[in-house]
Structure formats: structure tokens, C-alpha cells
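In the two complexes that follow, subunit A is the common piece, with subunit B as its partner first and subunit C second.
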Partner chain A sequence: MSSKSGSGKTSKGAAATKPEADAPEPAEARKAKKSEAGAALGSSFKLSSEQSGKLMRVAGIVAGIGLVLGGAGFASDSKRFAFSYLVGFVWLATIGLGALFFVIVQHLVRAGWSVSPRRHLEWLSSGILPACAVLFVPVAVFAHTLYHHWMGEHAAHDELLRKKAAYLNPGFFYGRAVVFLVLWAGISLWFARTSRKQDETGDRSLSQKMQLASAPSMLVFGLSLTFAAFDWIMSLTPHWYSTIFGVYVFAGAATSSLSALVLVTIALQKAGLLKGVSTVEHRHDIGKLLFGFTVFWAYIAFSQFILIWYANLPEETVYYRDRSAGSWMVVSLALLFGHFIIPFLGLIARTAKRNITVLAGFAVWMLVMHWLDLYWMIMPTLDVGDAHFSWIDLGGLLLPAGVGAVAVARAATGGATYPLKDPRLAESMRLENA
Partner chain B sequence: MPREPERNKKGDRPAVDAGHAAAKAMSEAAVEPTTSSTEADSGEVFALMGRFESPAEITHACEALRDAGYKHFDAHTPFAVHGLEKAMGLPPSRLPFIVLGGGITGLVSAISFAYWSQAVDYPLVIGGKLAFSFQAFIPIFFELTVLFAAFATFFGMWGLNRLPTFFHPVHTYPSFHRASDDSFIVSVEARDPKFDMTKTRELLEKLGAREIGAVEA
Partner chain C sequence: MSDLAMVQEDVPGKRVPLVLGKQDFHSVTESVAGIVEGPTPHKWKLLFVLALSILLILLGSLGRLVTKGIGVWGNNTTVGWAWDITGFVFWIGIGHAGTLISAILFLFRQKWRTSINRAAEAMTIFAVMSAGIYPLFHVGRVWFAYWLFPIPNQMGMWPNFKSPLFWDVCAVSTYATVSILFWYVGLVPDLATLRDRAKTKTRQIVYGIFALGWRGSHRHWLNYERAYGILAGLSAPLVLSVHTIVSFDFAVSIIPGWHTTIFPPYFVAGAIFSGFAMVMTLMIIARKAFGLERLITMRHLENMNKVIVATGTMVGYAYAVEFFIAWYSGNPYESFALMNRAFGPYKWAYWTMVSCNVIFPQLFWFKKVRTSIPAMFVISIIVNIGMWFERFVIIVTSLSRDFLPSSWAYFRPTIFDITTFFGTFGLFMTMFLLFLRFLPMVAIGEVKSVLPAADAHPHHDDDGHDAPGSEGMSKEPVHAA
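Here is the complex of A and B:
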């Protein structure tokens, strides 16, 4: 319990000596001890004040750079910054949403293996999603720039947009956004807080409570993510429509949140904060999910493409015409290879998923690819005919990313690094990939 | 039982008869503790077998056999015992490579067949699209990749496990049926260079095996 006072070095040293006493312990004894798992396992289950300070500093620096770059970008080209910011905002929001999805799904299926990864997903979702509620303000301010196709005056003279006006009108748009953001923040905070409460009380009924809440939460999640994707991204091209669009955005949310989870897991394991709780077996399982959702993304991307390509209707093909024009074709191909073929071949082997360097490398890679995917969805509205990457795009990414990093760091420093008294903790620790 | 003496060569025996005979011999051996001399009289020994009563026991026994340097031994359990592969020191399965090969074969054959039929053998313009419009065939590329990979998995598994095997000497161990009920059985094969009738038996005894007995090849 004294880990908080110890410096990073001493707690590491203690962590190295402690597991020897645990290692030969039979599973039954471990099970008996699980109520005081925190004391029995590694020496530290909380970030030391030094580690917390370092984490907050790094996140703060990213946020600072983002603020400066974003401000400069806004000053030099506010229209471009609006679009760049939307890319960055959705990039961050989808990481939080993917994390929320996995938190809910672990309760929904009563998953045993994922007890410690679930805590890190709680950090990601409960940190990012409430921050997104604030970070949405610039999007709302820029809305008339971003969505001028249907928010502007000429929408009244557009036959198709007049028919869609019952849904696509500014008032309803803002109202829906508020509902989505409040729901996401509320659900993510509730799951994170309930889970943290169990750290203290060890009350098993909290697990049942979260399980009970998981099914309706999943329904709310699925519908809100779908309509948010329609509202914030698909409505940039208001004539065009794709009913699978929400699923496509979800596929990106899943890969990006799993990538973030990989990085958090590896960082905590390296810091010695998950000794005996999260091992190579857990990384392997997260890697499997990342691999699977990479394939899922390709499957959904192709499903969207094939129907439009086959039917060949002008109001639908316009989306792909814009994205195969000029240098956008290069971005499209970069996505095909970078978001699917390269990670597919790279992560297919068992040894790759169990190798820290390979897995971490692909996690970073997939986070970049997710940004490129959103860039590919959003920016052709602004850069018609050719892709023009600019430093403003970096500002648009780093500003929300930095704020999100600070929020996640705050969530991470607030409590234990894994659910100390979860009834399935012992099961999770015994995980082994056959 | 059909008698076909001309086909009754090595490895192609009437399984039931041989099984019964050996089982009878074995059950006698199990009742009265025999010396190794009687075992040596009765033909060529395939393996020495022992029965354990819990997953923990057999895991421990496999670890001990592995650490003693045995390579050719097997475990027969009523259900999958986690960690047993590691305890036995088994190398990773070669099956994934067979599956990968099957998948690649499926993908290549799908692409080449689509190309040959659409662009070479019988080009047709459909909906104003190019003769070889690969986009339309991606589902087929995918399906054939999966199909060939599934076949490779299934038949590769058969091949690696030498299936179908209609007779195996370990089935003559009298309690072998309990390997699908409540027992965990170890067979240490005689072809193992470390195998020694007396020493292996002693090791199994030390590990707490019950009903230790030899089975004939």
C-alpha cells in the first residue's frame, strides 16, 4: 500500500523481488487470496507520484503543442483548421467510443480474461468521452463552415435537402450532439466509477449491476455511434448516403481503441505495475482482437464499396469519385495497404502478436492509419480533386489529442492499475493461450 | 469378423481380436504384479502405460518425463488439460503453416480462374464494366481463400495426427476406456532412446501412476 510514497526506482526493485514468493503458489491458494489480491501480488498497483507526474507532464506538453499549433492554424486558415479539427476530434472520440464498447462488451459476455485490460479501457473511455463533450464546442462553432452544404441558405432550394430537412437541420443537429455526448460521458463515467468503487468495497453485486447495465448501454452505444457518424461525417456530403457508414466508423473505433489499449498495457507492464496480473497472454489476446478488427474494417469498407460500385448510381458513386480523383487515389490505396494488407500480414503470426516491439509498432501504425482513414472521409469535402496535407492538419489533431491525453492521464493516476477486487481477477490471471 | 489372411500383414490386423488378446494379457498383468521378465517374453513392447487420476497428477508426470529427457510419450485425457503441451515439451504445431499454404493456394486459384474465365477465355462486357472487373470477384477471392484454408486445416490435422488410424496399440491397455471418462493416461513409447523397461517403470511408479503395464506393438 506504500507504493505511492515510493519512488519509481524503489518500487521497481520491490516488484522484481516480490513475485518470487508468489510464483510457485498453486492456483487454489491464489484464489483464496484474491480478495486481497493487491497486497498478495506485485508490490505496486498504483502509479507512483513520480510516474504520475511524468505522465501528466508528457500529456501536458502534447496539449501545449496542440494548443499552440491549433491556435496558429486557426489564425492562418480558419476554414482549413475547422476541417482538420473535425478529423482530430473524431479521431479522439472514436478511440474513447471503441474503449467504451469494449468495457460494455466485457460485462455483457462476463469475460474472464480481460479484467485488467478492462480497467485501462475504463481510463480511455471515461477520460476521453467527457473531454469530448467540451472538445465538441469548436465543432459546433465551426458547424456553418463544415456543414454549409445543408446548413447554408441554398439548402432551401435543394430538392433532396428539403426532403432531408426534418432530420438535417441545425437545431436538431445540435440537440442530437448534446444527447450523444451526455450519454457517452455518463455511461463511461458510470462504468469507471462503479468499477473503482469495487476496488474499495470488493462488493460482488457491483459486477452484477454492471452486467445488468451492459445490455441497454450497448443498445444506446450502437445507435448513438451510428447517428453521430451520420451527423458529423456523412452529412459533409449531404446528398450521399451509406447505411453501413456507422459500422465503418465503428470498425475504425475498434482498431484505434485496441491500439491505444496495446500501448497502455505495454507501458504499464514495462513499469512493473501489472506483475502477474497482465502478461504476454493478455497482450496476445489484445493483439488477436486488433488483428480481427483490422480484417473487420476491411470487410466493412469493402461491403460499402462493392454495393456502390456495382449499382453505379451517380448520387452514390460521387463519394468514391471524389476519393479516387488526383492524389486522393494515393490516399485510398495507402488505406487499403496501410489499414488492412500490411497489418494483416504483419500480425497474422502468433509470434508477432506476442512480440512487444512488433505489437507496439503496429499499434502506433494503426492509430496513424485511423487518422488517415478519417482524413480520407472528411477532407475531400475541403480539398476537392487533390489531397493537400498541411501543418494545420497536425494542429487539428494535436489539440484534441493533447486534451484527451491529459484527461486519460488524470483517469490513470486516480486509482489502481487493475480492478483489485474483481471477482474474476483470479481467472484473468490464469489466462493461457493454448 | 471377416478373415482375410492375405491382407493380414503388419499394421493391417483384425483390430478387435488383437485388442482382446492383448487386453486379456494386460489385465492378468495388472492383477498380479509381474516381473519385467514375463513382459520381455511377450513379443515386442510398444509402450509402457500408467494411469493417473487428476489433471494435476498427469501434468506433474509429463513435466517429470520431459525433464528426464523423454521425447516419445503421450498423454490421453478425457478433456483438454490446459498447460499440458508445455508440460510435455511439445513443439508448436505445424498446422498454421499448412493453413497459410491452403489460404494462399485458394487466393491464387480464385484470382487466376476469374482472370482466365473473364478476360481470356470468354470476355463479356457487363454493365459497361471492364472485362476483368476484379472488384466483383473479391467476395469469391475471399471465399475460396477461406474454403481452401478450412480444407487445409481439416485434412492437415488428419495428416499430422495420422488419421484415420483404425488400430493403435495403446487401445489394448485394459483401462484405456477410462481416458474418456475419469482417468489421465500416460504412454511412454519403447522407441524413445531413454526408454528402459525397468527404469521407466520405476519412474512411473515414483510419479504415482496406477496400473502400470506394457502394451505390445
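Here is the complex of A and C:
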């Protein structure tokens, strides 16, 4: 943990006193004010070494359990572990990607309300996405197991797959993955670093710079996420295709990252690290977005399903046939209720979104559902005909999740818990849901 | 005009004012209500005569259609849907901006919408009316059009509930109803303003009836805001649902080029795209003609341009993904349909669509273009042309070359195809001109709420008014606007 106590002190009271809305004050005056206020509020903008230590320990424990379970899983059934790991890896990656989307979009639309949540999204994206670059290695190693339908030898005798070989071939697949992972890590780190630089300098032009970068970043984000979804998930059933697939994966990324954001926000608020900066109003707004994207996910999922079901073309219905066979039907229905109907009814009320327990409960719930959604997308390739949940699946999830938790914890302990000198901080603090 | 140039500045942390100049409550009322109360401008009369003439062309074309039958259109056995459905989808798409602006931007607290939402909502309603013309008359015997609705009858005859065309009837009529309600609820306080300012008895009575006894009491406003919020919540999914259902008209079929899963969100993005372009075209003219540059500022126009480039890019994404998957699927019909679109007999239409919808809007990446009135005016028209072509391309190219090469045909519009489509502009313009003349084209009450004067706590740190749950922090208003 590399907390620089010096920089911490200077930025201590920036938000506690008077976030500079317009007229810049002389530096000395500001400094004096800050130390006063900082003393009054205590260190409330940075994780204490005790808190960071605890956070790192918890993350480390999860990673440790993941490593042990994952290793045991690999040893007992390496094929199953490969698939379980892919589910866990994509689960983590989509949380990071959803967070990156929201970081970019806040700059793109010059959002005012979301200044402090943006920092937590920066942690999530800049922690998770670079970690994913490393966590992809096992996927690459297992690729021939996972994607054996088109990487295996019999693909050469499959007329359809021969047609697709220009796209679906190992070399291009790995090459694309490298491009996606490098782009994601690069963009997320750049936004996080630029934002942290502003904590120190308070330079307004950094906001403009990030706004300028946000539009092209959004283009890159959209295209890379789409093709990663095609590559890593859709190509598991290489004959099957769906043009909406990228949007579907995006919808899951958005809900899961917002769920993670809810949990981070509540944890920091409870620890007293966001006093006056992030309040019930911010939770309410994040809750609204979570609710909205839950509906969006259902809209996209329904669109994909109804069009394929209605047209009833065998090359498309095969996807849903596999997912309605045997006990997979139970999983499908669990998604319908768990990923849509229950959170829809549960989060629709204003009071629900403003209630910490309810909101946090649904955030955890949605993270589980997101995992189940990916499980439903990926595992039928392995468990044909019936769903078989196994402890190995837990190892496949906890290993990447644990590493991701460590990476996010590292990002969180490195700096301030909200953008101390963001020019729109004052506006964010004034947020009120009328 | 110096204050009009000032909006170009964009300093993070400082919100530019949403209305310009030294506006107060009275001046806003004057500048908006004054349009309705003043003498009828000559230009308006000229335009109205023009619009009515075009409307007559529509009536003439429809009269011919009703007396002679659908055969007066160029549809043939292969291309059974052509300009009629193209026109329908074109207008329905345009009808998306209004409710998007009033509902979704409202839910996102985008206060800049207040200057443009009224006119955009009106435009929505008139666009939906124009759209309705097509299915209504395409049924052939228009006097039986009520069969579209599931009305119990002694013949025991029902519409086909499994048909997306029936879903369309439900989706569009729901959308039209809620849009009108939403628009009308927003109008009530302004109608009361017009009633109170009325100089003649007739105006007072007519506006008075529609103002529903509005007195502007606290209780009225409280109910009003609650109703507005609920309607916004209801309208937001409706905005998505209408064009989703319209896309189902095509996508639930198995016709290559129509049946693809991205259609629902892709159609919605396209609808918002075309809707904003139409709002743009109309607002550029209206703000200039009625001197509303200080209420509908460059900032509003620039924001709309950003929405246009964003949605245009989404549409471009859909084109690209469709093309990629057509190849990736390895499905020969799919790839034929797409290749036929781009390089077949309708390639001129396809490339018109791509350049209008994907290439030209990219010019809005440049602030210079985004803030240049002539540039945005031209691009907004280009976008509307492109979106008409998009529907034409989707509908006609897939049909004209079906599974049986012997039945392939080329669609050529007849004069009645052209006059019917042209005529719907007459309907649209007539309604819009009437709206401009008799109703406040800017939401007076809402614009007042974003004036500096409406901020109850401007520039005071220690007014002791904390946000609920802000845990004792004193708020600091950033800037009045």
C-alpha cells in the first residue's frame, strides 16, 4: 500500500470545506483552510492504513480460497475447470468493462451528479481490466479445450467453419484478445491516472482533456466489447450467431458494474469516507441506473429470444434448445425471474432504492444473477442436456474474482476516495432527488 | 448578439446558463405568449397556404387510392410492401424525439430540454398522425379499418394476435395516446397563462376550457409535478417499445435482411436519430422566425447535434454488425441479402443511406460544425433523407429478390406513391403551423424554472438548507443555472 501521507494532507479538506466552484483562491489561503477542516473532520477522504490493511486482507483471502479451490478444481477435472474459469473470468471482465463504460460516459455527457461515484468506477475499471490482461492467460491456455468446436481438428471438415476460418482461427483469436485487453487496460488506467492527477493539481483542463478523450474511447469500447463477446462467448457454439449478442453482454456488464458500485459506495459511506460527498441521493441515483439497466437487460434478452423463437430457424433455435433442455430450463427460468422480475419489482419503489439494506441486497443478488447469466451462456457447451453445478464452478469464479478484488483494493488504497478537486464536485455534493 | 456567442465557452464546473440575456419571468411569458397573441405574420399565412395545398395533394392521392384500390401504388406481387411502409416507419421514427426529450431527458434531469420539449412533443404527435395514414389506407377498404382493433363483433372475427402488425396497432395507438396526454398535461399551466392574458372573450373561453381551471396554486403544482413524473416514467419504456414493435414487423419473419436480432435496439437508435434531426430542422427555422434565440440557444442546438452523432454512430454500428454477422453466419441467404443491398440493383439507395446516416453526421465531431447553423441545418435534412432511405433499403431490397429468382422484381414508385408521401408533409406542416400559431411553442412554466430567478438559494453558502441525508454538510450552489 503506497499511501503518500504528504499528498494526503494537502488534499484532506478540499471537499470538506469548499470545493472550488468558480473563483480560484490563493493557494495559501486554501491550504490554511484545508488543514483546519481536515483536522475537524479527521482523515475522511482516504482509507486509513488500518482500513486498507483490512481490505487487502479480505481480498487476499478471497484470492487465496480461489487459488486453492481453483487449483483443486483444475487437478480434479481440468476440462470443467476451464469452462468454470471462463465464466468467472468474463464475470470479472464485464464488471470492469461496465465500470469503464460509466467512467467514459460521465465525461462524455459532462455529468455533474456522479463525481464521487466516478472515482469508484475508476477503481473498478483500472483495477480489474489490467488484471484481466493477466487473468486471460489461463483462457488462452485452455482455448483448445474451450473452443474445441472450431479450434479442434474436425473444424477443417465442417463446411460452415471453413467459411468462418478467416475470423475463427487461433492466431487471429489470440491477436484480437491481446488488442482488446491492451486497449481496455490502457484506457481505464489513463482515465484513472488523469483523474487522480487532478486530485493534486486541481487543473480544470484535465476535465476537458478527459472529456475530449471520452468520445473516441466510447467508440473503441463499443467495438471491442462486441467482438470480445463474439470471440469469447458466442464462438463457443460456432455455428450459432446473433447480431444483438454484443449488446446483450453489454447489458450484463452495465448491471453488474452498477451492482459493484452500489456495494463500494455503501461500504465507503459506512466507513465515513464520503461524508457530505456521497449521500443517500447518490445511492438513489445509482439505484435508478441499476433498475434501468436491469430493464434494459430484460429488453435485450427478450428481443433476442422472441425473434429467434418466432422465426424458428434451426440454426438459431439451437441456442435456446440447449438452454431449455433438462434442468437448463430451470436456469433459464431462474434468469427470467432472478435477473428481471424480482429485481424489477424489488427496486421500482423510491424507498427501496434509498434503503441501504434493500439496495445492497439487490446489488449482491444482481452480481450472482450476472454470474448465472454467464453460466447459462457458457456452460451448456460443456454440460449438454442438463445443468450440473459443481464446487469447481466456485473455484472458477473465486480465482479471478479474488485476483480482481486484490487489484481493486490496491487501486482503492492508493489515493483519495473521491475526486478531491474535480470542478464539478460541488455540483455533485448538492445532488437532491426532488 | 454577444451573449449568443458566449455559449461557446465550456469550462468544467461552470454550467452555462440555459437561457440567455436578462430574462425574467415576465420577459419569458412575453416572448412566448406574444407569438400566439400577436397579429398573424404574413409569412405564416403564406406557409400555411402552401402546407394546405400539399395536404390537398395527400387528400387527392388518398381519394384516388380509395376509389381505385391499392393498385395505384407501385407495389407488385414481389414487393408487396414499399413506399407505404417506408413512409410509415419514417414518420413513426420521427415521432420518437418528442417523447424521448420529454420523458427520458426529464428522468435524466437534463434541464436543457425545457426550451425544446413542447415543440418536439407536438412534432411527435403530428408525425405519428402522418404515420397512421399509411397502415390506415393500406388496408384497402379504409371503412373497415376498425377491424384492426380487437372489437367484439357478431361475426366472431378477431385480428390475428400472433401478428406483429396487430402488436403495431397496439403499440402505436398506446404511444399516440400517452404522447398526447403528456403533451397536454405539460400545456395546462401555459394554457392558463394564455387564458389570463386573453384580450377577447373567445380566446378566454377556449383557452379557459382547455386550461381545466388551473389557478397555479401549490396544490395544483404538486399534482402537476406528480402527474408529470408518472407520465415520464410510463413514456420512457414506450419510446423504446414502439420502434421495437415496428422492428418486429420485419424481424420476426424469416426474410433474409429482415430477420436479425439486433433490429429492436437498432431501430430505436435510428428513430431517435431521425427524430432529433427533424426537431433540429424545425427548431432552426422556428427560433429564427420567432426570435427565440435566447431561449433556444446554441447550447441546445449543440447538445442535439451530439445526440445526432451518437445515435448516428449507433446506427452505423448496427449496419456493421449486421454485415459482419451476415458473413460470419455462413448463411448463404443472409450474405446474399446483404451483398445484394450494397452491390445489387438498389446499391444507389444503400450508399445514399450509408453516406447520409453514418458519414455526414460524423462531421459533428467538430465543434465548428456542431455550432454552425447552416451546417447543422443541412446535416439535419441529410439525416432525414438518409433515414427514409434506410427504411426503403431494408424493406425493398429484401423483398425484391426473394428465394425464387424467377419472381425477382424491381420496384418503381408510381406518381401516387410519390404524392402520398409528399402529401403527408402537408399534413405534418399544417398541423405544426397551427400549433405554432395557437399554442405556446416553448414550455413557459418549465423555462421559468431554470431561470436564475427561480433558484430559491442563489449564492448563499450558509442558508442552513441542507439536502436531506447530506449529513450536515452545507451545500454550495455552484451557479444559479
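Just a few scattered comments:
What we mean here is this: the second predicted complex is superposed on the first by the 391 of 434 C-alpha atoms of A that agree within 3 Å, B and C clash if a C-alpha of one lies under 4 Å from a C-alpha of the other, contacts with A are read in each partner's own complex, and residues count from 1 in each chain.
Here is the rule we use: contacts are C-beta pairs under 8 Å (C-beta built on N, C-alpha and C of every residue); 3 or more make two chains touch, one makes a residue touch a chain.
Here the structure is a predicted model, which is why all the values come from computation and not from measurement.
Once the two complexes are overlaid on the shared chain, A:E432 sits against subunit B and subunit C alike. Applying the stated contact rule after C-alpha superposition, one finds that A:A215 touches subunit C and leaves subunit B untouched. Once the two complexes are laid over each other on the shared chain, residue contacts for A:R204 go to subunit C alone; subunit B is not touched.
Contacts of A:R110 after superposition on the shared chain: subunit C is touched, whereas subunit B is not.
A count of residues in subunit A touched by subunit B and by subunit C gives the higher number to C.
By the touch criterion defined above, A:R350 reaches subunit B but does not reach subunit C. When the two structures are aligned on the shared chain, A:I306 is found in touch with subunit B and with subunit C.
In the superposition on chain A, contact of A:Y167 is made with subunit C only, not with subunit B. Once the two complexes are overlaid on chain A, the subunit A residues touched by subunit B in the first and by subunit C in the second are 306, 310, 312, 432. Contact residues on subunit A toward subunit C in their complex (touch as defined above): 18-22, 110, 112-113, 159-161, 163-164, 167, 204, 207-208, 211, 215, 219, 222-223, 226, 230, 239, 241-247, 275-277, 279-281, 288, 295, 299-300, 303-304, 306-308, 310-313, 315, 422-424, 426-427, 429-432. Partner subunit A is touched in their complex by these residues of subunit B: 80, 82-83, 85, 92, 96, 100, 127-128, 135-136, 138-139. If you check the complex, the residues on subunit A that touch subunit B are 302, 305-306, 309-310, 312, 348-350, 432, 434.
In the complex of the two chains, the subunit C residues touching subunit A come out as 10-15, 107, 109, 237, 240, 244, 248, 251-254, 259-265, 313, 317-318, 321-322, 325, 328-331, 365, 461, 467-473, 475-479.
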